[in-house]
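One chain, subunit A, links the two complexes that follow: it is found with subunit B in the first and with subunit C in the second.
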Partner chain A sequence: MAMGMPYGLQAMLKEGHKHFSGVEEAVMKNIEACKALAQMTKTSLGPNGMNKMVINHLEKLFVTSDASTIVTEMDVYHPAAKLLVMAAKAQAGEVGDATNLVLTLAGELLGNAEVLLRDGLHTSEIAEGYQRASDKALSVLESLVLPGTDTLDVKDKAAVALRLRGAISSKQLGYEDLLAPLIAEACIDVVPSNPHNFNVDNVRIVKIMGGALPDSQVVKGMVLKRDAEGSVKCVENAKVVVYAQGVDTSGPETKGTVLIKSAEELEGYSRSEEEKLEQYVKAIADSGAKVIVSGGAIGEMAMHFIEKYGLLALRIPSKFDMRRFCRATGAVAIVKLQAPQPDELGFAKQIEVREVGGANCVVLQQDASLGSVATLVLRGSTEGFLDDVERAVDDGINAYKALCRDARCVPAGGASEIEMARQVADFGKKQTGLDQYAIARFAEALEVVPRTIAENSGLQASEVLARLYAAHAQGQVNAGVCIESGAPKDLAAEGIMDVYAAKWWAVRLATDAVVTVLKVDQIIMAKQAGGPKPRAGDGDDD
Partner chain B sequence: MMPMMGMQPQIILLKEGTDTSQGTPQLVSNINACMALADTVRTTLGPRGMDKLIHDDKGRVTISNDGATIMKLLDVVHPAAKTLVDVSLSQDAEVGDGTTTVVILSGEFLREAKPFVEEGVHPRSIIKSYRQACNLAVSKVKELSVSLEGKGDDEKRELLLKCAATSLNSKLVSGEREFFAKMCVDAVSCLDASTLDLKMIGMKKVIGGGLRDSFLVDGVAFKKTFSYAGFEQQPKSFNNPKILLLNIELELKSEKENAEIRLDDPAQYQSIVDAEWNIIYDKLAKCADSGAQIVLSRLAIGDLGTQYFADRGIFCAGRVPEDDLQRMAKATGARMQTTVNNLDKAVLGTCERFEERQVGGERYNLFTGCTKARTATIVLRGGSEQFIDEAERSLHDAIMIVRRALKHAHVVAGGGAIDMELSRALRDHARSIPGKAQLFINAYAKALEAIPRQLCDNAGFDATDVLNKLRQKHALADGSGKYYGVDVNSGGVVNTFDAFVWEPALVKLNAIQSATEAACLILSVDETVKNPRSEAPDASPMGGRGGGMRGRGRGRGMMRR
Partner chain C sequence: MGSVKTLNPNADVMGRHAATFMCVNAAKGLHEVMKTNFGPKGTIKMLVGGAGDIKLTKDGNVLLREMQIQNPTAVMIARTAVAQDDVTGDGTTSIVLLIGEMMKQAERYLQEGSHPRVIVEGFDIAKKALLEFLDDFKTPVDASDREMLRCVSRTSLSTKLAPHLVEQLTDIVTDAVLTIKQPEQPLDLYMVEIMHMRHKLDQDTRLVKGLVLDHGSRHPDMPKRVEDAFILTANISLEYEKAEVNAGFFYSSAEQREALVAAERAYTDERCRRVIELKKQVCGDSGRGFVLINQKGIDPLCLDMLAKEGILALRRAKKRNMERLTLACGGFAINSVEELSPDCLGHAGAVYEHVLGEEKYTFVEDVKHPHSCTILIKGPNDHTIAQIKDAVRDGLRAVKNVIDDKAVVLGAGAFEIAAAAHLRSTVKKQAQGRAKLGVEAFAEALLGFVKVLAENSGYDAQDVLIKLQEEQERGSNVGLDIATGEALDPQVAGIYDNYIVKRQIILSAPVIASQLLLVDEVMRAGINMRGK
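Presenting the complex of A and B:
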């Protein structure tokens, strides 16, 4: 500690702050942290990527190879590494797929930047070079779009399933042939006439333990993991009335006491309440509704009359489920317990209680023309496995959304990356400034994709890369890594393709994140405030 | 406590206290954990399997050989080993039996994979072959299974008996398996064929007597509820009674909590008291007028009600457990009433006979010969509480098996015969594959042999000897030996299909698929990241602060280094 009065920053800030500056202390350390993060997720890239077991701070176990889940759940602390995590999250939000590509590419770019820094380049030159290289790469990527992929009939199940295979196979290799058609079916069920308005929220996933993955199925409509309340368990072609609140005798919100003045009033009190309730339920039954859905509890007395009039009673406590249920049936949720108007009633083709894997579920089936919710019922032996499949399905649904907006596809299996690398390297050689080096390094970084795919598949990475370059030099721009043999192969012919938009955003976001990290030259961390630890999630103090 | 300038700051990527471990050693340690777990249950497999006594933290003692029960009680914390617990629970939910089998199979698949992993084979290659082998095994089971569709009812019944007996054979009650198998099949055949709702089979346990004293009621039975004075005068047996089910209190009490009575004139006081009595008398009268001879309520029936009903020759019981009451509704066709207004004949149910009977040290209300019976109750008797508990679990498994067999009428030969045949088929297939997949499929085939091997080990036979005999039988070119399995009685091999050791194909299918999925899941993990547990939101403020202090203290230590 300096003697006497502290000077400089120390004098300005409270005791306990942390402060790093300069290339050695700040930039290098940041790079190192980001590299460490990328190293972790790298092994999960590609179809043969390994899973990670992450136990988050709530002791929940995740077994997954989905990069966005991994980085979110492992709670990254380092501020620079967090920038990468944010880039990955942005990717997840934008396209919902290829998050690992962002992390891996960014890690590799930073690793290469470190070499350049040691060579004496200035961070701004590297950043500049990377920017230009990425612009070039993206324009190359556009030229790589496979001919004929820009138009896709998003209602054609077979064609869609083929496109989705790529996204699924990178998460659940071996199940893509099973899952892709299921996802395609579910998505096509709910896609509106203008595919641009496809809403991911309309495809639901319900996980039920037991059975095996091949037992999974698509239900046109909804599946709720609970039983119907009453003894009526199945109705067909029924009108549906939905109450947002509970179905019970209504009481005032304000605390009140009923004042009884005479014996007659006392005797008539509960009788009148009963009659009132019966009147309501009768009005509902008279309106033609056969199903009552309630957002809250259904009172015992109400249940009695519901039984009496032979209605099916269903309780949906989740507001989200309730909203979807309304959407699926076209019902209007009524807030007050009153007789429904004809236009407030919804319609259900069939509602029945089915036993799935030891649990009773309410299944709402709709015709394709009605409603707009589809549910994928996933079956599997363990919770962890189901969670992971769910994430793969999520990616698949997001890929469908991306396809609806931009159906263009590029060659997969590292083919686009190698081609980008090749052309960017050529482009770099034509540059006169110092950014030439940075552009060359950018090209090199792109190699990480085929390299990692090869490494994760237990192949000789360098050999595979050399053969790929040779193939691309001969004009086979679609040649990617074959994970079986390691030989260059046109994977598009097998129907394995990557969505153009996902790749475009991944390169873009990775470059942006890297440039941001590089441009930081000082880190100042204020002293942590005392007192109880801030809650996780909102108190990450950087 | 300022950080020293110029000192190398530590790079902290993850939060302090985070554990990470990765690579092959991590995978191997996961495999070891799973194998250890599988080893704890393996001795419970089969008819000669041993039971486990589990003493939990609350001091409860459970004796069981049901895989799912043991796994649940073990309270496993290892993240990878938890997967195995999940598998056995999912098998329990889906099929109800074969829970030990599925754990042993997963453990064995991992055991066989371990040497390959240690040698540096990429786990993905193993996973791929395992999945391939699983698909082959599944199609082979489907091919080998014998369909029971289109058989006559008697024949089908015979067959269900066989399946139930096979399941019970491996349980504590194996000595009485024929007796219980019949009971299970009878109980399930009572149910509504379309849903086969398990909740409609009630299971009551009464300590005392022998297992043989257990009996099945083709209706509902429940323990006599708490009764008030006057109960003794009520008739205790009826033929074809009318039954009324209620969900209201028949007691003198205030009508509503939020009602208040204010009187201007003291003379009115008596009229209010009278009104309250009127209300209860009115209710009771309505019950009696409905023509019901038996009144059951989920809520209390007070002493006034009890006496009132006794005077009119009506039997009543209050505070009947809800599930019993629901089964009553199913069995008798009565509808549960929440009000006594507008009672009509349609809401009353009936049964052939009602009586109160002494069972062991307790009195039971029995409703038998129900007309619309879609329900049954099993009353279990036995020497000790643990024993009856285990018998209940065994019967549950057997009932599930019968249910499955009814829904999915395919059976395979038990006693390890099907496993041996699958193993042989996979080995044959493996020989046709070039490349390393051959090794992995062979390993999978070897893992399947664990079932007959364990059956022998548990029965005290020389497993190697028996297994070789089995291999010879299954290798016969004409396929005549495909039904041979372990004979636990003689220590030799026997055609288990002819010996009627059958299991539903579904049990085997689900076990193989689940076990493979679990094994693949564990193999596919190469890194574990464990975050420090954050304070539970409901922890006391003191505890929370303490945790925070500890966290900070440790953090400083790290930074000073």
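Presenting the complex of A and C:
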């Protein structure tokens, strides 16, 4: 019977709905999915992390160890796992680094929660315990801040490069000595007088295939992957005029018809058009400008006159590139084709068309004092490799931004995690309620970082952990895993440090995501929407 | 039953017992789903939409709306809950629970052979008595008592959000309502703009006394921050508008065409110039800022003109924000350039732009006498934001209700326990004959709230109920302390519910329960039956 004798939720919902409830069905399944996700990204953690080959729904191939790329391209569907992915994305948005830490930590926390659930603890007790433990861990983290790191001269290239090494080495081990100074140079070039306002957008990355990574360089200014329009290919110390619209004869909004009665008139009309245009270009040339930049098309006739007056013409179709170009040269984009006012002109030290790796590029070089845009030109053998390096550089730039806001650093190589774990465990033992078990498990989960670093480096994880704990018990709070020998080592002395803000957000977001997953006791899934399914071939329709 | 079959052989029919059984079961089923949400210790449900989008909620209304229920009885109950939300903004879970409980109690009597009509009669008597009792029970309050408003909004919010957020949002919501409250005028909650940014943590949610617009200036050279600014709210088109009639032009030289282009612009430029003139007139050389917020468009040429004068101009502002702007900053919106005068300008201490990835936000803050404000919700992901948004809406409604009702009702189950006792001790005695059964069922159903509350907090429902009833018999108002499972005085703990919410529940729950009980046949027939 169509209506049946409904009981329970399932019968009340629309066809195709799925519904899970209770600890066994909902919570455990969620944990299972999240663990699977974390398991996958875990092996990519740390400097010796493995790469993943991901092919996304557009058949694009990614070879990367960057967790946020992996999870974004993987298109996770499971709702609980998706919560973790969102946490990772939030981390990417806030600090742009340590996304893998979020996933790995969250996965470990959930795995431990599963054990607690089997022991008979209620989800709310676990959630509460985790929350308290994370508060404690964060306060421990604050105490771990390496002395002297809270102030950093963000203009000092060597010091900045040193701080950036940590972020780079976890993505591109072996290249950190090469990339860190490059990133530092580019960032320092564009950092405004108030470092808080540092804009990630001002450091551009241009990938050009060919050559090798050591050929990469920083250009103070911009690199556009296109050729100049005319035959003038190089100017120096030139004034620049920028038009937001195309450089061509302007038409009215209302439709117009040219009324011509005789051949003379036709000729006269064409000539008047040409004269008009020549007037404009001449006016531009007279104003002293040597470079014309157009946001739209440059008409053939206009091009002719531009050539005639020996100007360099450049087309920048992207609105955003245009704005950057304006910032880099100090020009004001003019909306109408008219002679520029002196204050609307920009200045370029050198604009030149260079051939890099078989492609012509327009390179705008500025003096350091003028530049508000810097470009990192990355060279490499394959597209996949370049993409991966780009992600590492992105992380590096974000790390710089984080440093500008909060320069504090904490010991790297799992040292801060071990110390947090140790102190949180102590804190847990002092608790009287049921949440002490959850706190103890939280501490255990933090061990995942040094353990994974050790595992990924082919070391004996338990042995490394034991030695780390021993070192920390003796007061060496900065001791982390040395990926070569496995012995505890103060990595800060070698200049390997983690950014405090990245760790703070990672612990925070991972805990939040885990608590959310734990608190859900019922999932109601609507029928998956999508395009029309292939017809099942029943004759039900009219 | 047979008769319908004769008329339409395709019809689905359920006889009396099956029909009652279905109704009761649907109500019980819905009750089962919703009860874990109830109260501050309720759990969260995860809803996954067709496109894989995630929604986390504790709010009964959201749950019912998103669940796409199909069972006819359940749909009826869900609609009542939606009506409850429309009228009061809260109590959706409660109403579903009450209906479920009432059906459950009624079922017991039905199985013992009572006629549904008898029980319905009892429900009706109980309902009338309860409405009178509620009027006696309520606590009249002064609408300007901030502490009381906070208590009510806290009670409402704590059933929807995690504890660490509740305290913070309580203040935000209360202050938001107090900001827009104007003496002698009905409250318009639309004057509180709710804006969200996917950014930072949920604890960063805050109240902006002023306005946040979700777009920025469209010109790179406009100032990103102006201080001590005049605000011009306008509804003037600053772009070329095509003529309605089809017109064409003839020209025979480039000069003529240039002239035509210039003439086209002249009209728009003129309007833009008028705005600039006004700016020059009021600002002079004082260095004060000038902000133009336009409901219509501004074309690039005008933007350019305005930017050169250092005017921050926003185009295509939302209509509702235009109204809020004048309330927040003062001045009034103008519709034509002829009206431009210094009187129509508002004022704000700071107007600045905030860029978040690709999105731009404009903050109009630091206004003198705000009668409109913005609750700026932040959160690391969409589902957190959605959850807070729903809660904030309910919280605002809760505060508004107190101001409208000028009364509150003790919460934490205190009203339910007192009402059940009142029904049993007084009303039942007055009721004649078998209607007593209905009154008894109603009383028992009311206690269902307390039981669910106790269950969700991890205590034994019967234990708690008896403990509370004993306490109540000693003549005091008692509610349940969800932290300890003991009795508490809601007045001391500051737990208050809305009067209108309770009233609405008592008004509509018995009606639906009665209707469902009186169903004796369910028929499904019609065109859609073909092919079944």
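One rule holds for everything that comes next: the second predicted complex is superposed on the first by the 516 of 542 C-alpha atoms of A that agree within 3 Å, B and C clash if a C-alpha of one lies under 4 Å from a C-alpha of the other, contacts with A are read in each partner's own complex, and residues count from 1 in each chain.
Criterion: a residue touches a chain if its C-beta (ideal position, glycine included) is under 8 Å from a C-beta of that chain, and two chains touch if they have at least 3 such contacts.
Fair warning: this is a prediction, and the values are worked out from it, not measured in the lab.
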item	value
Partner chain(s) touched by A:326 [first = subunit B, second = subunit C, both, neither]	second
Contacts of A:342 with subunit B and subunit C, given as first, second, both or neither	neither
Touching partner for A:521 - first (subunit B), second (subunit C), both, neither	second
First, second, both or neither for A:475, with subunit B first and subunit C second	neither
Subunit B versus subunit C as contact partner of A:244, first or second or both or neither	second
Subunit B versus subunit C as contact partner of A:29, first or second or both or neither	first
Touching partner for A:124 - first (subunit B), second (subunit C), both, neither	second
First (subunit B), second (subunit C), both or neither touched by A:148	neither
Partner chain(s) touched by A:512 [first = subunit B, second = subunit C, both, neither]	second
Contacts on subunit A seen with subunit B and repeated with subunit C across the two complexes	1, 15, 17, 77, 251, 256-260, 269, 528
Sites on subunit A touched by subunit C in the complex	1-3, 5-9, 11-15, 17, 26, 77, 79-80, 82-83, 86-87, 89-90, 93-94, 122-124, 244, 249-260, 265, 268-269, 272-273, 275-276, 323, 326, 332-336, 508-509, 512, 516, 519-530, 540
Of all residues in subunit B, those that touch subunit A in their complex	1-5, 9, 11-16, 18, 20, 22, 30, 79-80, 82-83, 86-87, 89-94, 96, 102, 121-125, 127-128, 131, 195-197, 247, 255-256, 258-264, 268, 271-272, 274-276, 278-279, 329, 335-339, 341, 510, 513-515, 517-518, 521, 524-535, 541, 544-545, 547-548, 551-552
Residues of subunit C that touch subunit A when the two form their complex	12, 14, 18, 21-22, 25-26, 28-30, 32-33, 36, 41, 43-52, 54, 56, 66-72, 74, 198-201, 220-221, 240, 242-243, 247-255, 257-258, 260-261, 264, 300-301, 304, 357, 380-383, 458, 522, 524, 531-532
Residue ranges of subunit A in contact with subunit B within the complex	1, 10, 15-20, 25, 29, 32-33, 36-37, 40, 43, 48, 50-59, 61, 63, 65, 70, 73-78, 81, 173-174, 209-214, 231, 233, 251, 256-264, 266-267, 269-271, 274, 300-301, 303-304, 307-308, 355, 357-359, 380-385, 388, 456-458, 528, 531-533, 535-536
